[in-house]
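The structure under discussion is supplied below as structure tokens; questions concerning it will follow.
Chain lettering (A, B and C) follows the sequence in which the chains are written, and residue indices restart at 1 in each chain.
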Amino acid sequence: MSAIPRNQWYVAAYGREISHELFSRTLCDEPILFWRTEAGSVTATSDRCVHRRFPLSQAPSRLVGDQVVCGYHGFTYGADGKCVAVPGQTRVPRTARLTSYPVVEQDSFVWVWIGDPALADASRIPRVPYLDAAGWTTVSGREPLAARFSLLVDNLLDLSHETYLHGGYIGTPEVANTPITTEVDDEAGVIYVSRHMDDAECPPFYSRSTGLEGRIARWQDIEYTPPCLYKLHSRIAPVGSVPNPDGTDPDAFHVEVVYAITPETENSTHDFWAVARDFALEDAEVSAFLAENNRTVVLQDVEALDVLEKIIATEPEGYQELSINIDTGGLAARRMLARMAGARDEATTR
Amino acid sequence: MSAIPRNQWYVAAYGREISHELFSRTLCDEPILFWRTEAGSVTATSDRCVHRRFPLSQAPSRLVGDQVVCGYHGFTYGADGKCVAVPGQTRVPRTARLTSYPVVEQDSFVWVWIGDPALADASRIPRVPYLDAAGWTTVSGREPLAARFSLLVDNLLDLSHETYLHGGYIGTPEVANTPITTEVDDEAGVIYVSRHMDDAECPPFYSRSTGLEGRIARWQDIEYTPPCLYKLHSRIAPVGSVPNPDGTDPDAFHVEVVYAITPETENSTHDFWAVARDFALEDAEVSAFLAENNRTVVLQDVEALDVLEKIIATEPEGYQELSINIDTGGLAARRMLARMAGARDEATTR
Amino acid sequence: MSAIPRNQWYVAAYGREISHELFSRTLCDEPILFWRTEAGSVTATSDRCVHRRFPLSQAPSRLVGDQVVCGYHGFTYGADGKCVAVPGQTRVPRTARLTSYPVVEQDSFVWVWIGDPALADASRIPRVPYLDAAGWTTVSGREPLAARFSLLVDNLLDLSHETYLHGGYIGTPEVANTPITTEVDDEAGVIYVSRHMDDAECPPFYSRSTGLEGRIARWQDIEYTPPCLYKLHSRIAPVGSVPNPDGTDPDAFHVEVVYAITPETENSTHDFWAVARDFALEDAEVSAFLAENNRTVVLQDVEALDVLEKIIATEPEGYQELSINIDTGGLAARRMLARMAGARDEATTR
């Protein structure tokens, strides 16, 4: 019944969010407790005491060294989730143990495996090294979305909405007008959607950050690895400029836009966004501008998708959407997600 | 299952509410988009884009001439609901069309047909010409009611509540004490409830507006045309005064109180109210007093009915009301509404 | 399906809360109207008019002498619930009568019988005479709890939580560390849980009220009579002091802590609390301190239990708690409550 795929890696947080303090976040309907041990590694366990389900993240629960003490009756747990003390008796029940989650900290993200730990394979986590690499500067954030994650997937797979919902920010007429090409690699589990605008207006997001004036070549190459990681490889260059045969591309500006789409519940989502650039690396003004501008764009999406979620909640059974060419990537994503969620192949996530 | 009759005309708005701007109102659980064309006629279509259900009334959706452009991906529609442009391709799918609703603007109201458009017959719309005619002055408004429409029907069909809920405004002891006569015209679909008080206290609502002092003859003649239109023909005159045999009635003051009862959802209602008078036509002070006083009375009803709706929501199955003579008109209305809603004849709308 | 036992006495209010004014409180999902007659006795009837279910406690409903007049249509009821007048007719329907509840005012509480009135036996009401007796001084209050009553039963039957949730108020390390003894008297319907700490730190609650300095003997003897009445017989004395063989106990301070646990709905509870003492009887400062301090402790419980209720509402089917020795009394209470609620014997109220 759930539309949320299990046995998958999801982004739980930015590494910078987790310190030696109790931190709670719900992922895929599971309340998870995070904290960084004194040695610096990130732990992830259930955020519910095994005794009477009191949240271990809630005061007066507290961290004492590398142990968590429940604020209701004092059940005490180690970093691995094993209970080490209970009140009124010295014997600790053998089964007293918090569910523990596989964790990988990589590319600035904390990834968590939701599902059977025996199936967790860290090598399957998609990479975004530029978020945390020399030669790149990144701004990033997270917005809460009161909508099912599939609405954000729909949104990001079809960028023609930039022209309307984000006009004056990242949208120009050419985005909606330029046809896309879509490729689906079912074996690798990746969906590609490309739109190459060879002669387009330059929106403020790129003109103010790159300094380019006049019309531009603007390439949008989407690479989505369901369920969680979405990359937009964005290339901005003077009209007529193309990359060299060897792959170098000195006249272009490259922006890697990354979204991590993590379900919080069936009807709410963590919308992680990051913007990495290979130019103006030390320019704090460009960083501030891109952070503010991208956050504004994300909030425009959030406002629209929150509305759609409310509409879906009250809409009659059997409601039919109408899809057109621009939806090819989004429909492919829905099929892939539905397969992952164990449902029969169907074109809708509802 | 729904208690809301379909294939019926409902008041959607006052004509003055609709201009050349996008305007949304939910009627009978259907979100409807209204706007006035440049030529001045009112359009009514679904307020959901056929593509991804984004509300066409919500910014950045916008009206461009006589076309609506969706703020999410730019789907564009004419006044008749037909889609005329989509992003990324020149072919517009033949089925891309908003549901369009029959509309009639009449007697200051915008009426909309909810149901099968082929059955819409404008001649069946009940008339209230005095709301928009020479020789009358009208004040009017609309209050949102967080209660099912049938609770407002109950309320208005039994005016004995004026004595208690509206004491000091429009209620006096004689209203509750004077028996009623009830007539039901099933063929015409009209319910009549009359209460003629020949020697009654004059409540502030009428003493301050007419200038009458001392006791009065006060006639209340209700004419309800389910589901939407309720008229209270109110006659106030010195005690002993009766209309002439030719129908003229020079010593009396006539007030036509009109309610349009339009379901918003199964559990909420648009409570349109209007008060037309044939005296003191140019007296702004009387207009202001009647508007303020009637709105106060409407809000007393709203407060009471909102409470009843919450009570019904939590009350146990099989709850039984007790009805008496004053409820004859209300019970007849429930039966007529239940027939209209396609349910079996039953004495309760629950 | 309901977890609330019927055919039981419940505390509805403190006697001081009921005067010659309309007063409404929902008990066990039943909205009940209370008022004190001119002769001084407390009446309890349904708070819904039999006509159109308008709340008799809500203005403009009003009390006129010893009769209640409904604010919607004027139905009028005597103290016994019998309808004595209706609008528009002189005949009052024979069946027009409010449900009436057996009431007993005793030990400062107003008790109400929820269930079949024929089964109400006032001699079964558990007694707490010290709440209203010479030689004792009592402070008391009531807090609304947005959680099922069984969570408060769990909480109160296992006081080891004082060490953690109420540390710095009534908790010290010895409470959680000292084992308990539990006795269940199924015939009398009482559960006893005792913890005698013979050499314990004195928490501020007792040091500031008794003036004792240094370590103390602290005895906690719980006596719970499901569903509603919980007594904690608390004895505080210098280390080594024990009661005399004849029961006198001159060196000790006695505090009777009483909770009345009355379900408001399936998921909310009236948390009545009282603290009676046999010392410093006239000391207003001690009274103010104990009232403020105990209320703070109650609100710490309320905050924790409100969180648990929200967690239970979203938790997956089949969630399993882990119980240990400290839970013996609470589990016995759950079994007794489940039997009372007519459900099969089971260790959980969920």
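Just so we're on the same page, a contact is a pair of C-beta atoms (placed from the backbone, for glycine too) under 8 Å apart; a residue touches a chain by one contact, two chains touch by 3 or more.
These numbers were taken from a predicted model, which means no experiment stands behind them.
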Least hop count linking subunit B to subunit C through chains in contact: 1
Numbering shared by both copies at the subunit B-subunit A contact, with half separating same from different: different
Rounded Å distance between subunit A and subunit B, as computed from the means of their C-alpha atoms: 48
Sites on subunit C at which at least two other chains make contact: none
Of subunit B, residues touching subunit C in the complex: 154, 158, 160-161, 163-165, 167, 176-180, 304, 307-308, 311-312, 314-315, 319, 321-326
Residues of subunit C touching subunit B in the complex: 29, 31, 48, 50-55, 58, 60, 69-74, 86-89, 93, 95-96
